[in-house]
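Below are structures written as structure tokens.
Here come two complexes built around chain A, the first alongside chain B, the second alongside chain C.
For the complex of A and B:
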């Protein structure tokens, strides 16, 4: 697919290639990739949700509704006909039945009742960015005593929609932070390896091959299990991120090394060297900027692997622990077959994972095609 | 030439194996406190009597009072020379006994999945490359992307739900209850095969998706080469042309993917086994890590890594048989 787009576009971009800036050309090529553009939009939306999680979610991640365990999800209607004709956001009420044989409470939706939802409603108080105290929520029930659970509730009666929104922050940021750490490691090790070559290069390549040859999940599991239980959620978060990036940097190091190997023979690098420019300065000022768009593409493609890894670890109970909320932590609730049978909506966080990973892959693919807009 | 290549390749493996053992040992050491304090704490928590003499015997067995490299040496020499992997806390029996039965299934499952990935991905990838931009190609690409994005444990959970809900049967395990404890016979083998395909498909999806893309890209590189045009100009039938020339050249990068495919399959196997409760290494490894049974966990890590390295070695040898450029090259 990539070569085809390149063939098509080269004639069009070729005309003013000398007078247009690099990033503008990259953007022009990228914006022609329709799937990547749509994915980019979705991705932007997901990150907005992550930033404004408290505002978007109707409830906090830990609010429990004691009478509403395992409430099924329901569809929000824009029209209500129970009492004449009304426009707005409406949902069904709930009824509780007690199973005769098992004595279990079972909550189900009741179409004979109607509950109204509103936008920008008053709800629980929260602190946005830890600074602004506010009590408005993007969506929520108009009457606080009549809660509505769009995506159902879990075992403890916590709203799944709110929890998924709050989980977005951890799940999406762990990819970014993890990739940032891998980037530092990858650029330093890959750069030194490619620039100096020889014995250093061989040693670095052996190290990378070694790390790549170990099955990652058992290694991650073992390292994550070694994180002390006493560490708080924030420390655990960073520990997990570092563990993920300790293995994740290898791919990036390979990309950087390949580029450095190709570039170090170039004339402009030779010229800088003859000008008595320091090695580190040559690498940083002359070589790195020439392929920063490639690095961004490689980084974007590395994020999904991080998100999937965190999800897997948390799902197994070795990653983030209960008070913290991430998509993997939420999916852990579905691990038990009985609760899965009882409440299949516990799998919904999985959809969030799939969408995030898919869009990141598409954006990464688009960036990779756009990284070198001159061909 | 071939023997020389194999010998060199095996020698290359030695430092890797040593590095793996060191990393594993460091992970065993990672939890605070040494192995015996964990044992004592556990026994005392259960209200059991702690035998001092037995403790001292264990202490000298693992060299716990000695410097760390002595401990490492005692541990690794026990494994290599005597096959002694240490004592498992959780199962209260030698690690070797715990591992033995389960490892076979892990290997079997991984190899079957590898075969499945190739059997599915190579024809689809070839079709995608030959019929580029056809509906089939787009479908394969789309399904491939989905396969890469859906975590395999999620797939396992969905399957678990669907089979329970709509077919009223369990997909967990590798055997039906009546064969669980039975000795090996034809019936048990058939029963195993009837259960095996489910985890194989689940574990294989991500690998298959990645593989299709690799096959497609490699074959596409070859399809536009002049030798293909020559063959076509000479009047070779398309099918024979494809199998005879470009496929053979595209095959070597595909065989070399075992290097990353095998580690990822083992990773997938572990998490899927936990969900489907298969009698493989996955659930035991998780349990060992949860209860800080580090000798058991470390042994699994060590063996799985060594198996992966050996798998990669075999694929490299196959590759050298297939492609003389590698045999005679510098590496």
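For the complex of A and C:
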């Protein structure tokens, strides 16, 4: 060969760096984003809680303790000195006072009593994943007759901690299907619109504009009323999110369209066309991979929106309804000022919402920064 | 029908007009005549240069031949490997697959013409795989062979494009173009994005590949020194038309069209005694807008020799006495300096005698 040299043959480590795949580079960049990594850990924890809710919660979401309404939260101590010195998990007992004038029962903690908690204690029976019947709980009172409420109880004497844990599952998952449907629709419609352009593009854009102009709240109310009565509250909500995701794909479709419009003029896409690649292959192997990480980041940022939407709608009484347990449903309890005055701990599900939304946002931010590891 | 047996490609009256804008009632419709009726032949085994300033339609011409664009009018007759003749301009997209294997493209920008998410191996293997030419170990062997052929190390085939330098990327682009054993390669500004030293290597590679594989090139470039080095014949384009066409050394030595002469005069000379950039008045005015081209000869607003006839009548491409083709009313009267002329600049006897 007369063309004897390649300009850059000296790099020994070059082969390693040069052949590192895209996703590995993204991960490398992401793992340098401290906040996103911590948030990712917390997020993983939240989803673990959602998966193993029955095991983690001391009680079921509907167990009522008739004598313990509006019980305040209390701190668990690792040491008990009431009877010598003991290590373990301890909490105060409860006393009930009755207000002379209003005849209202008031439960408060009583430091003179001690109740012991344990890890992996026997409690109510449950079915993990609907398959394994078990009765162990991660944490719970050692004596079933002396219950402890870490985050207090609500109006009906149900343990808030257990309810928040059970609510995690619904809150963190029910919108995922909606987001997934939006994603598929957005990519397909946006992709077709951007790739082919012309009349198809114009038609798709007018459709998107029309859909974007539909006010969602009235639609939501109409749908809530239109869904058959026979469906349970979860099913109803699920149906509504899916229907709403049918109109929620517009944002992503616009992004995908823009990218496709730019990409179809790229020389490597033209090269693929001249290689006799089919349209679908070009979209799948050439166009989508160049911004798949951006799509993932966009989706991660869409999940908090869906959690907030669930919370807001349930709070308004349009989303999930009472027998179902979600963070939004739990916050419904905090709607009334009187109960809030007596039991501010009813707002704790709000903290769960804030934490979940923030961690998802941070993870999404980290992903967005890592999405293009070459810059 | 084709004139001679060795004619590989015959372009006749090729037109590529782009229509844009329009709005609802097509009020502001503008037609850009990127290519406006050009004709030329490409002989088997030769290198035809297509030169001109930016926006003169050279790239559009190349894209009409590869059928990235569907030409507005005209014929692109191609003599296929099996001897059959076909008009590429008239084919439906579904019929193109065969010819796209025989006519391949080398792109200008080695950075944007490679998929950043595919390894070198996959980039080269893609045409082989899509066209079902090879698979399995045969595919692997072909990729290694192609990499060697273009001077890349086969052990680097699992690298992604970003790990290659500009010159190496262009070698990859060339390997991809060669993977299907093409007959005609269209190189669109193939070396314009490269450093001068790398450029020489790539040009040498192209010459060598042509020699070994009997390739035919259409070499699109604005760089006259590259064209002079590589091309057997050259076609000079201005605003969608060919103004001069002939063997490279003749066109460069004795241009017949004032535009060709102006282009040649703009080539920087390393000889300080002939610093023509300083002595030669630069070409005045801007390249005409292809959407609103001047009447008559498109070059007349910038031509120092323009006469009344140039404003009204469009000159046709005709063969002059020395055998090359030119589109100028005064081709015979003008005496223009070429690249190897002794004195730069215009002399008195260049004045038109009418």
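Rule of thumb we're sticking to: the second predicted complex is superposed on the first by the 314 of 375 C-alpha atoms of A that agree within 3 Å, B and C clash if a C-alpha of one lies under 4 Å from a C-alpha of the other, contacts with A are read in each partner's own complex, and residues count from 1 in each chain.
Assume a contact is a pair of C-beta atoms (placed from the backbone, for glycine too) under 8 Å apart; a residue touches a chain by one contact, two chains touch by 3 or more.
These numbers were taken from a predicted model, which means no experiment stands behind them.
Enquirer: Check the residue A:97 against both partner chains and state whether it touches chain B (first), chain C (second), both, or neither.
Expert: Neither partner.
Enquirer: Examine A:219 and indicate which partner it touches, taking first as chain B and second as chain C; both and neither are also allowed.
Expert: Once the two structures are laid over each other on A, A:219 reaches chain B alone.
Enquirer: Check whether A:353 is in contact with chain B, with chain C, with both or with neither, and answer first, second, both or neither.
Expert: A:353: touches chain B, not chain C.
Enquirer: Examine A:270 and indicate which partner it touches, taking first as chain B and second as chain C; both and neither are also allowed.
Expert: second
Enquirer: Look at A:335 in the shared chain and tell me whether it touches chain B only, chain C only, both, or neither; answer first, second, both or neither.
Expert: first
Enquirer: Now for A:135: first (chain B), second (chain C), both, or neither, which partner does it touch?
Expert: Touch status of A:135: no partner.
Enquirer: Touch check for A:127: first (chain B), second (chain C), both, or neither?
Expert: It touches nothing on chain B or chain C.
Enquirer: Which partner does A:315 reach: the first (chain B), the second (chain C), both, or neither?
Expert: After superposition on chain A, A:315 lies in contact with chain B alone.
Enquirer: Under the contact definition given at the top, report the residues of chain A touching chain B in one complex and chain C in the other.
Expert: In the superposed arrangement, which is not itself an observed complex, chain A uses residues 1, 4 for both chain B and chain C.
Enquirer: Considering the complex alone, what residue numbers of chain C touch chain A?
Expert: For chain C paired with chain A, touching residues are 66, 68, 97, 100-101, 104-105, 107-109, 112-119, 126-127, 130-131, 151-153, 155-156, 158-160, 162-165, 167-168, 171, 173, 176, 198, 201, 204-205, 208.
Enquirer: Across the complex, what residues on chain B touch chain A?
Expert: 15-16, 19-20, 23, 27, 30-32, 133, 141, 145-146, 148-151, 153-154, 157-158, 160-161, 164-165, 172, 259-260, 262-264, 266-268, 270-271, 274-275, 285-286, 289-290, 292, 297-298, 300-301, 304-305, 308-309, 312
Enquirer: Where on chain A is chain B touching in the complex?
Expert: Listed in rising order, the residues are 1, 4, 206, 209-210, 212-219, 221-223, 225-226, 228, 304, 308, 311-312, 315-318, 331, 334-335, 337, 340-341, 344, 347, 350, 353-354, 357-358, 361-362.
Enquirer: Which part of chain A faces chain C closely enough to touch in the complex?
Expert: Those residues of chain A that touch chain C are 1-9, 14-15, 17-22, 266-268, 270-277, 281, 285-286, 289-290, 374.
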